[in-house]
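Alright, structures below, take your time with them.
Two complexes, one shared chain (subunit A), two partners (subunit B, subunit C).
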Partner chain A sequence: MWRHCLLSGTVLWLAAAAPASAFMAFVSNEKGNTVSVIDTDSWTVTKTIKVGQRPRGIEFTRDGKFVMVAVGDDDTIQVIDAKKQEVVDTLPSGPDPELFTQDAAGKIMYVANENDNTVTVIDLEKRARIGDVQVGVEPEGMTISPDGKILINTSETTNMAHFIDTSTRQIVANVLVDARPRFAEFKHDGSELWVSSEIGGTVSIVDPVKHVVTGKVSFNIPGLRSEAIQPVGIGMTKDDKTAFVALGPANRIAVVDAVNHKVTKYLLVGQRVWHMAFTPDEKYLLVTNGVSNDVSVIDVAAQKVIKTIQVGELPWGVTIAPQ
Partner chain B sequence: MVRWLVAAIGLIAMAMPVCAAEPIAIGIGYLSRAGVQQKLSLVEQPAENDGIAGARLAIEDNNTTGKFLNQRFNLEEVRLKEGEDVAKAATALADRNDFIIADLPPDALLQAADALRDRGTVLLNAGAIDDRLREQDCRANLIHVAPTRSMLADALAQYLVWKQWKRWFLVVGSHDKDKLYADALRRAATRFGAKIVQEKTFEDTGGARRTDSGVTLIQRQMPVFTQQIPAYDVLVAADESEVFASYLPYRTWDPRPVAGSAGLVPTSWDAAQDQWGAIQMQNRFMKLNSRRMTALDMQAWTATRMIGEAASRTNSGDPKRLLAFLKGPDFSVAAFKGTRLTLRDWNLQLRQPILLVDGRMVVSVSPQEGFLHQVSELDTLGADRPETKCKLQ
Partner chain C sequence: MSSITVTPSRRGFSFAEYITCLNGIVWREALRFLHQRERFISALVRPLVWLFIFAAGFRQVLGISIIPPYETYILYEVYIAPGLMAMIQLFNGMQSSLSMVYDREMGNMRTLLVSPLPRGYLLFCKLLAGTAVSLLQVYAFLVIAWLWDITPPPIGYLTVLPALVLSGLMLGALGMLISSGIKQLENFAGVMNFVIFPMFFASSALYPLWRVQEGSPMLYYVCQLNPFTHAVELIRFALYGQINWISLGVVAGCTAVFMIGAILAYDPSRGLARRGPAGGET
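Take a look at the complex of A and B:
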């Protein structure tokens, strides 16, 4: 009896210490050369970590133990221990890394190197560069298909999404999209690839099998000139029904019906909204506002901005620990 | 007979893949003026390959894209010799290239355009800023990538007015192009609400730009030249001929900033521009050419990329299709200026933001906030559709 009481007491204590909504979000601050750590329970910055120069692309390792951040001006990727919240290692990326992605197992990492038109392949365990793929001018957006077979890279001046076979590391298809493609995201069922074009002002919907653009999401905000609408980051809910698109200097997140590709709502956030990440329970979406130096928190179900958190200078990317 | 036909079709079918493997070749000629303009500042002295270096980089960029589309771009460079017939040189270049990027003085540019008018060759003007080329002297086969004087003047005026420096002391050089720039500045002042409190001409009396004891003399000359002027906020200099403007900063009688041809200068590009991904471009340029990128380099890069963009969007090397695309509503090009650049369909001028630079930093980018336009805020710079004198034929 006494034993039983103790046990249930422990469970209670655990539950209080780790409420379901408490996650750690790591935000890269491009100009501040720092990473801000946000507690999603209290919505406060709990730590600011000094990193290398010009931190941009940022992502948790699949096991949730480390955060990798591309520090472009130092030509490397730094590894932050998520518990210690300090830089513990570096990875041999190519020059000027910006965005990267990992395979499902978290063993291989693919990095876009803007300065020499290549995608660099890195073995994460061995910390070694194991290959390069030649792509278009200024590679940027990186993502991997849900089945792990196809790596996507977008090249900003070539204006293409390159389809790369992950087993042979050969380009199997190139799809032209609108000007300055920044970011690519698959639907979770693999049926569509979404590519945002910053200067073109659209998101292209690509058929990943036929390698053709089948539709486009266009944006129209009354009172705002079309040039100010510059789509960058994309977030897709797990049910593939709703997508969120960051519109840069339009200072808005577009909520898109992912089935019919129509915008249903625009959410006003901070200035020059760039990238985003969902909490693992998908209750919240965090978006980085570069010019206003803050992060907006969106309640995903209510489709409302509920909070703004000041971070470092020019927040760029954000990643949240997997559960 | 039937068998023969089948055999022939078989042969054609077999031949097709071989033909398709051969890349589509797109020839671009680059025709540049004789001689290089002398600058007052030694550090601003243009390189021998000013302009062409930008086209070379864009050819590399086009070919990186082209390898995915089976397109191959070639650049043929021709620099005119002093006194050489421009129409002949342009025609010879057009024999081998469907597109010509030109860095020529205005009259020579018109001669080249008229010589090529009937053969369908498209000229892209990378070097001449004269408004008349887009107005009364516009041509249907001439696309303008360089900004106009009035775009540059408007960009500067918007910033000066935003800064509340509305009282201008205008100093104008004695050469024709200085006077044209002064015209554009006067028009900009009227348009955006600045006032020219006094105007003065700086006569070019000849003489060397550089002498061993030059500084002592200039230090005495410039304060005297700028004294006894009614109260003003900023000295605006129109000196495209590079005779005096660079001598003005820090030497005016009253302590006032200088803008226009020295001090705060409006330009299409600068080596200090690092916003909107431009740092990648600056790095690529430096790696290829071992020097920094100028406005003329950028104008030539953009012209070459426009052809590349048209070729990839139409998946074609046919100059007629490319020209139709460039002139059509779907054309736009990204050029590291934070917005897409498009063509004004009434005179084929490329819309573009203008940088305001001080030689070390980008101070601002126009159009300035608050200068509104019903079509594109970029059309607050330069002559707009309702005022155009251009009739494209």
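Take a look at the complex of A and C:
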């Protein structure tokens, strides 16, 4: 009996002592022309992968086998094998690709080409460009509705969020938002679209059915000039209750109550915080700090910054392998 | 000057007797502290003024890089919190020494020194009592700091305790050593100008040493030699569950040196106190 107890105890102890499931985060370093790989167990950079010129938008394929990174100055998308951690392929795009998104099945990819005012449509299986959609000037933010029917692109200079029907590849609506919209994110239930405006200093809440701005999130950090508050990346928790907004040179992440659209907390991170990604278990949120060349780790439940890790030069985007 | 010497009995003293003595001294110090509400409030107001006013002004000015024990970027008020904890202990240590001067002037010290227990032990008890009072003040400050969003890990509130005891003893012993040389209560203002202010400002309490080094390499070395810097760093690391071994060594060493110095100084046969004014106790 006591042996049985001892054995069970040892198994339990070993289970408790085992590290939490580790993930691999890939960070694009815009100026360093590299991608840093971070182990989320040890919180260390385990590898730095040399990629093309000016890597920015970065995302895992839906199957978690590859990482795609938009290398703007090489006018292409590079494909990194997540296991080998090396560039294995390239995908066609228009000039200066910046951000992109995929459909739910991971078969079609939509790329915003900053210098061409177009969104390129790529068939990921055939690795071929299958069409283009003309949008506003300097397209950047890209997201797709949870039902996959509507693609959103924001154009920085036109100050619009373009609603594109994914079946016809035609723009069905344009919504004017505040100056320089950088990023767009749907709530998981599809009820709201959030668009961050870098110069406007706000996040617009858009009704995706009526195509109107229904509310705005504004930010105020005591002691900081309003010009220093420049919202960019947005991360929404799976329950749609909390959003995290990167505020660029304000060096803060705003924690926003996603129900009443009010800021509840500001978290200090590194300089010029830009984009972010949750770990699949949503325990942690990784944010890239461009000017201080590091990535900060936020404990999502505690809403606290727990660590900051040095990466390459000018980290821009981050993606974490899906489970 | 009269000196009271009591020869301890040859049988020595029991552990219970030592504890009774310790209890008496600590209890008296605690009662005195509790009855002086203004002292408690002023002990808290001082660091809070630094925290709420000084730190707020510097919040955006000072860029704090990531230095151990911190693992990410911190606000300035988070940085200065350990320095303010040490400041509470520094003032408390000096105030305890002030009370020794007062006791000597008022004649209360006679009561203490007629105890047959060894004088070194009596002084150590007095130090412990002062440190216990400083712990009360520091933990009250930590509660307010927590409300101000200065939230070290929960275990830090426990791990910082031994560091606070050691730094409290060091600063108390320093105060005791200084008090032995002070002839009158009025001279205590000099302690403020010549001990408290230089120790506090030439340390890592307000600015990280790398920043001091950028401004003045000379001042950097002064800060490195300042035992108060090491008290601050010992507290800072302990508050985050870590040990700064160099600071621990320096603080432990300084505590021993200051204590021995204070015991010698309060020894009526050869100490500094012998040169005290007429009416002095020892």
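Criterion: the second predicted complex is superposed on the first by the 302 of 323 C-alpha atoms of A that agree within 3 Å, B and C clash if a C-alpha of one lies under 4 Å from a C-alpha of the other, contacts with A are read in each partner's own complex, and residues count from 1 in each chain.
Everything that follows uses one rule, which is that contacts are C-beta pairs under 8 Å (C-beta built on N, C-alpha and C of every residue); 3 or more make two chains touch, one makes a residue touch a chain.
Predicted, not measured: the structure shown is a model, and the values here were computed from it.
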| item | value |
| --- | --- |
| First (subunit B), second (subunit C), both or neither touched by A:Gly233 | neither |
| Subunit A residues touched - subunit C or subunit B, whichever exceeds | B |
| Touching both subunit B and subunit C, residues of subunit A | none |
| Residue ranges of subunit C touching subunit A (in the complex, touch as defined) | 56, 59-60, 66, 71-75, 151 |
| Contact set on subunit A toward subunit B in their complex | 96, 114-115, 117, 136-138, 155-160, 162, 171, 174, 176, 179-180, 199-201, 225, 227, 249 |
| Partner subunit A, residues of subunit B touching it in the complex | 61, 64-65, 68-69, 277, 280, 283-284, 305, 309, 312-313, 332-334, 338-340, 376-378 |
| Interface residues, subunit A side, partner subunit C - complex | 223-224, 251, 268-270, 296-297, 304-308 |
